[in-house]
């Protein structure tokens, strides 16, 4: 079986300028900070970032946006990252906002081979602009399309050497759906254990989805 | 009793034993401190938890267990964790009985605006649109007027909406107002020392007066 | 907090003739047999049943169909229940078949408040008959609508008294999505423990979805 | 070497180290017994498992751990469990590298029919449509002709399709045939003691002969 454990430097070296990167986490919870900081260190540029919130002060994805590595953001909340807010004011097309549940479903659809989903969320609001509306049994839904990325950077508590991930607490957030939705997936973890040590009932994310496991800080 | 406490105490009376409730940041969160006797509720946190408990002690705080504001919290016995897709499945699928949120504006048709001020502040809608669309009962908890003294309860919201026609009840520091199915506001309760006239004056939409108009039941 | 532990007799008494019942399980794996047999014992009739397969010999849902309690079936595979096959031959409208992944997504959509999903599965086959086709980036998808039921009967390994469920092994199958998709949900389990005994990280299905917990055989 | 073994041995050579593979019931499942040296694959079972192991000993057998045929099995170290929605997310989302299935018919455009015979047998499609639609590479493993000696490889399938244009490779007891992008069949390999003429005769669609035509590499 192929070795999946890499240094952050090795794992991030495969990222290209212009890539679309999904970054797991919810504010400072469950964020792959060592991996994202390596993007800054390696000077990757013109990135698109999908993130729940692009972080708050102290988060690596916050610094990534502030340091100018990101051209385009997809998120649901950017209230704690003024730089993302500034990007949106200067160029409204550079930041796309979706309702949080819609963003989660779009990413899941991308990873699960679905073309999109119908959600009632956003009907009658500006979120419906430019989207197809479909009526079923007299109820209106928005067609929200699947979202995929080149790279996903996610965070877990424990990985085994096959990439199986155990996440604890509220750190699952967007990490789970993003693991399915990118061509190249880097999982940053607190601890790496040999194959066979994890209870298969407790695995949050199947190891077959993970390309690189990186030891976090 | 200050405004926030009046609102929080009155909101708490809306909860029934066994309710699953999602509380917005600010006044709504305070409501959990004033549960009626014998009423236990389960708090849902949209970042991925049911059974959210109080804030974590500093020595127990971890980024792997936070509330939707990113603050370290605890989980109560009988709680559980899940990812964002499941969390919003619970919310959108009608598995959250009540949500309580603040508002910038709310109107006579139950429309709510609480996520952006064009040209000024666009923090994003976060989970608010899904919560207001999906929760079985949407309660707005807010000061009756804004900082300039202008009504926040209007005939029609002027700000971009969070969701259309989903608000059932408005609880403010002055009054409790219900939204009729199909539209229209009914003044149901008055806060201590508040008159019908004062509420009418500070409300930007016509108010029907309930035949059962009564004082807010917010005794300790 | 309300008590959720009931006898099978009490839990099933709330089911009405004509109800649509989702029954979890995959052949004989993870099936709520005690609960389903109680439907037979109480003589509930004219039921619609959604099930992966309507079981095989020895399964309660197999017997439920054979004993004539079921007017309509929604499934993806009925090859091991000849009675369901016979129903389909006698009245093609009485049995609706969907691809397994589509059936899972339809039920999930029903439980998750989505109107439906777009799937590539079934495009170019008879499965697309009567369904809307939507093209996105030159790829065709079928719009498959959400499915909900009056009742879900599911199976888990352990429940706590709040209804939180832990499922082990391959028994998760349809039990997980069905727990979200019905107005009244009965969980049949091997073991019931007091609140607080389950690790919140190991809960497969949130207890808030469960109306009745029944001790299985 | 019997037909089934020939097919299973040849199919096994399609697997690369690290592949995630879903094997249909029958001949496809046998392929796992003939993995080339140094090749480890992970078996996905659509009822909810990665890392499926051999059949369970009778004293270990449980209905909580079965394969997609309902037979008690084991899970290997490094495996994990999930529900049906996630399982088909893996399948439909392209996270299964290869699927191997039997067929009633397969045709020159890579169409596959393997789930129903109208008026005769309608067992349902189970997971087959999702597997054929979603797996990165679809391999058909079957006897070259049916019980009446008629070709199962046709210009156009007559039976209702499982999926359109998704088959890449056909492995039979007589030959290995690839499906060209855009349609057309290429005879790539011959089983021991089988002639080009025999394959052409028993195939219901025109065959291009590969310039690299070779014997099936199924030595022990």
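Brief remarks on what is shown
Going by the order they are written in, the chains are A, B, C and D; count residues from 1 in each one.
One rule holds in what follows: a residue touches a chain if its C-beta (ideal position, glycine included) is under 8 Å from a C-beta of that chain, and two chains touch if they have at least 3 such contacts.
Since the structure is predicted, the reported quantities are computational estimates derived from the model, not experimental observations.
Contacts with subunit A and subunit C are shared by B, D. Among the pairs A-B and B-C, the greater number of C-beta contacts is found at A-B. One simple way to say how far apart two chains are is to compare their mean CA positions; for subunit C and subunit D this gives 29 Å.
Centroid to centroid, with C-alpha atoms defining each point, subunit A and subunit D lie 34 Å apart. In subunit A, the residues that reach two or more other chains under the touch definition are 105, 108, 112-114, 119-120, 168-169, 201. Those residues of subunit B in touch with two or more other chains are numbered 49, 75, 81-82, 85, 88-89, 91-92, 133-134. According to the touch criterion at the top of this document, the contacting chain pairs are A-B, A-C, A-D, B-C, C-D. The residues of subunit D lying in touch with subunit A in their complex are 17-18, 20, 40, 42, 49-51, 75, 77-82, 85, 88-95, 133-134.
By the touch criterion stated above, subunit A contacts subunit B in their complex at residues 26-31, 52-53, 56, 75-79, 85, 88-89, 97, 99-102, 104-105, 107-108, 119-127, 157, 168-177. On the side of subunit A, the complex with subunit C involves touching residues 105, 109, 112-120, 134, 136, 139, 141, 143, 145, 168-169, 201-202. Chain contact summary for the complex, subunit B toward subunit A: residues 45-49, 62-66, 68-70, 75, 81-85, 87-89, 91-92, 111, 121-130, 133-134, 160-165. Those residues of subunit A whose C-beta lies close enough to touch subunit D in the complex are 1-2, 108, 110-114, 160, 162, 164, 180, 195-196, 198, 200-201, 203, 206-209.
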